[in-house]
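The two complexes that follow have chain A in common; it is paired with chain B in the first and with chain C in the second.
And then the complex of A and B:
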């Protein structure tokens, strides 16, 4: 099935009531989604549309909220669908994508240790690149002051 | 990096735990591979990363856009021009500009030269790992003229910092075309010869054929990148799927191999060198005149608020960068999606069930780069 970016967005809109979305260029589209729908959307994208490749998961710190940013694309076409889900900093929990995309595991571990987004359902949510004693420091948050000494 | 693997797994009496690394003379960067062995067979594998974590994503948030370019070099010195390119093309689309026509040609040529030298060293390192030291020396010998060509243009052998927003740092020097064509001609002959040696040597074939097989389906599921993916028969190449610079207009094939074993992954790299030479030869005759960069003051780059995900085909595979701009002189957030990260992640499942003796061959045929995983 040949999906264009706009068509994909319209499908998401119908099926998951996505409200905020934009077509940046023919190959780049993004949509803001509710955090509790991420797993259902990913299942829909990989099973019914041709989005069979997770390119990356990024996290970003926006003061009150943390944002998980998923770049979902495919091996057969160049459309990158960016899904953005905001979670509150007080309880940053979101469903893991590992049941749908196997390679989400390490990206989630990285976002977990560097930004503190917790992925529910990841089989091994252990620190990947930071030492265990730095857990809880979250270096990529904007209020990070340095470790061990805030210099 | 949690260090206490022994306490986490319960070994059966017939099993033993073997640490490979973190320091090993054959590895370019430190990583710890913990193998649970039963006899000679790997039962389970765990990777621990983070020994050289540099925090590049955080550093980039605290630099102006121009200052970011040399930092992106340091993610992986073998692919520094690709790293520059992915960052600069992202910032370019945030600013809404395009590189000049001449700069597109120069950048394409430089990217392909980088691919050639990275593949040569990748094959060389792999050859040492399987005990084929002469191949390593040959590869280093072949790589040297390519490095000289890059040095001739950029002034640096490894960390080039060459790409700029809307162009490149320097124009091509006089005599570059002749020297490049001469060098590439020689390298083509030599690579063809190495290809022949590698496909006829019976000891080498025994070591590599049918070893570490990654099926087409598994490769797509595990999300490995670049030659490791194409060695399993998936024709996934960002240059074709999501083309940038001159690639939509160029004539080149995506090299694939059907079997997904160690032999095929290395074979794909060798053939890609030849394909890159072909690409450069197409470009180098057609370089147009004109300016090699846009007339922007690089010190005052200030994209409007927005975000972008730019992708290029690094020598090792799909390289992506997610850049968020908040309208100031510094990026708000930069996330790097490295190909080595994706490939490294797929290593433990691939090693499961393999023989201990095949470990080195399998691991180094993936051509991963610790420095880039631990950005």
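And then the complex of A and C:
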């Protein structure tokens, strides 16, 4: 059972374009994937490999690129798979995972508001956490200028 | 012409009576009575009553809210100071800002404050409500509470203990007795 995480990565590599991957421990692995493959990969994971739980979607700002980070886990075999997909900041659009994991809608709304990653296919990217006057400011981006400076 | 003259003379007769009625009406409005009472020693009696019934609004906003709630619980028996937690702004005299004010929550907080009947007081509990505390440089918090509410008492701490909150209430009572609170000074 020790190599289950590794096996998953190898399967992914065979079927899809994986640019970078690492085995952190037997059941914690991560892979960097092409952003346009995310929906296909999620479908494959949930239908064939029993990855039935999306535990979070995070985001990161790398200057020119924004990155969506998906944590997908399974109740049956306990592997935590992290998928990272970089999208250019000029056009940060990526497919929504809502057709596969229903709870993705909430994480995507948050990532959209705070980082500006736009999820194509999300049925309702409505305001969630920010006040109305801050919409579209993306406060978690590195180049955000709106911090208070009272000194 | 005759009719008009007659009417004119009648209004001339009515006018002094009207003046008395006007003055009477002005005096019986609440604010006029309050303004009058403020100049009399009776105000001390009113203040004594007010300071011994400081009902506060149970409106926890951050981790300080936990301390605020347990202050109102039986262990501290704040009833001996006349301090009772209330769940409706319409029944409350004191609003305790117990935690960080986010920009999104500000309109709701303002609404609660506006719903409270006069006279009312604000207590800032915890570093967050005083100046932002750990969220000092956050994009989403308000760090100048003073600008939005007439704050009478600041209680520093992260969070302040219930004893400190009670101390804050006692200080507020002293301020009310001394007529130095911002409601009485008209500094709101």
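The rule is short, and it goes like this: the second predicted complex is superposed on the first by the 142 of 151 C-alpha atoms of A that agree within 3 Å, B and C clash if a C-alpha of one lies under 4 Å from a C-alpha of the other, contacts with A are read in each partner's own complex, and residues count from 1 in each chain.
Definition applied: a residue touches a chain if its C-beta (ideal position, glycine included) is under 8 Å from a C-beta of that chain, and two chains touch if they have at least 3 such contacts.
It should be emphasised that the depicted structure is a prediction, and the values quoted were computed from it without experimental measurement.
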| item | value |
| --- | --- |
| Touched partner set for A:69, first chain B, second chain C, both or neither | first |
| Chain C versus chain B, contacts on chain A by residue | B |
| First, second, both or neither for A:34, with chain B first and chain C second | neither |
| Which superposed partner A:93 touches (first chain B, second chain C, both, neither) | neither |
| Partner chain in contact with A:146 - chain B first, chain C second, else both or neither | second |
| Touching partner for A:130 - first (chain B), second (chain C), both, neither | both |
| Partner chain in contact with A:52 - chain B first, chain C second, else both or neither | first |
| Contact residues of chain A, present in both the chain B and the chain C interface | 129-131, 139, 144 |
| Complex contact set, residues of chain B against chain A | 1-3, 49-50, 53, 55, 57-58, 93, 220-223, 234, 236, 238, 241-243, 307-309, 311, 318, 320, 322, 324, 332-333, 335, 337, 341-342, 345-346, 373-374 |
| For the chain A and chain B complex, residues of the former touching the latter | 24-25, 27-28, 30, 52-56, 58-61, 69, 71, 75-78, 80, 82, 101-103, 105-106, 114, 126-132, 139-140, 144 |
| List of chain C residues in touch with chain A within their complex | 102-104, 106, 137-140, 143-144 |
| Touching residues on chain A, where the partner in the complex is chain C | 129-131, 133-134, 137, 139, 144, 146-150 |
